């Protein structure tokens, strides 16, 4: 059973998609890797970005971490603060 | 023919001698090394200082530099600025 | 002290905060908006942050620094929003008893911030704009 | 800019002086009077300088630093006279395009000042006084 998960977007990914959050459809027990694959399929322009990480509830997540629909999920393009 | 040369004192050397300048009698063409020897003889308490350098006209001098009575000469104990 | 603010950075307040009777050395690093990047004239910078995570990642870096050096006080202040040339984007301040620790910790903090904190900078040129560091 | 002054150091003025449109990084080091040295309580510090030579030696160090790093602006300000705990004895500020140069040059300048500039510091304790670094 698929569930819809919301992903916060920042910086170049927000500009590329024109949205500050996108909804992604994922199967139950989907991992961070599954989410990234789905995002790349939905938004091919993301391929041009040097690296993409996922944060879950404000922490960088490993690719094998399983997502829950109640998590706060964010897509993190290469940072450039400072 | 001896000439008298004035030496500026700072920090611990000023405290040890109680003077901000001392007069030292030196033979003609005396060097920095001669001056240091004379100062040590005149003020044995200088032996307790970790190191002593001589500045001539505002520049650190080598021990073989020859002194002139018109030079501005200063005794430089270990610095501790900053 | 870790903050992410929209207003200009107040260096004097930060410095007052950093001072303590045990502090013998304070190193203050300021990151400022330059007027050019690889010779291309920059008009302004726009900083965007994932606020909650930016603050928690900066706090992690501060905590790591405190484990490595005997830090008496620290200040990490990052701007967000639009910055003009000459404005300060970031202030890192570290107060320690001895100077080597202040330099080392300050440098560690700014170097690590640039690697891990979710803040993004867009350079707005007179002829276009670009998210810094985003492309290969 | 190199100065030896009897009045308190004005950090804000120094910072204004250091800023330029090309500067991306400013490192500011402040040496502050601590309340203890090897656990012995310090009441105040007295700084004495051989003024003309102190200024020329500080200028030499600045010139050496400018040969080694691409420095846009620098400020070297040293206090003399009596300083209370918490007061700034020295400010070193270096502005560069990139941060590594600012850190390296600033550290070089303060490290070298401590070795070569004819300024002497007397620590006045509650129970005595001592010229720092004078004895073996």
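When the chains are written out, they are named A, B, C and D in that same order, and each has its own residue count from 1.
Note that in this section contacts are C-beta pairs under 8 Å (C-beta built on N, C-alpha and C of every residue); 3 or more make two chains touch, one makes a residue touch a chain.
None of the values given here were measured: they were computed from a predicted structure.
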Notebook entry, point to check: So which chain is farthest from chain C, going by the mean of the CA atoms in each chain?
Noted result: B
Next item on the list: Averaging only over C-alpha atoms, locate the centres of chain A and chain C and give their separation in whole Å.
Entry: 26
Check: How many angstrom between the C-alpha centroids of chain C and chain B?
Finding: 49
Checklist line | Inter-chain centre distance, chain A versus chain B - centres from mean C-alpha coordinates, in Å | finding: 73
Notebook entry, point to check: Where does chain C touch two or more other chains at once, residue-wise?
Noted result: 31, 110
Checklist line | Multi-partner residues of chain A (at least 2 other chains) | finding: none
Next item on the list: Give the pairs of chains that touch; include all such pairs.
Entry: A-C, B-D, C-D
Notebook entry, point to check: Quick one: in the complex, what on chain C touches chain D?
Noted result: 11-12, 15, 19, 21-36, 85-86, 95, 97, 99, 102-103, 106-107, 110
Check: Across the complex, what residues on chain A touch chain C?
Finding: 8, 10-12, 14-15, 48-50, 55, 58-60, 74, 76-82
Item checked: chain B-facing residues of chain D, complex -> 31, 47-50, 52-54, 56, 78, 89-90, 110, 113-122, 131-136
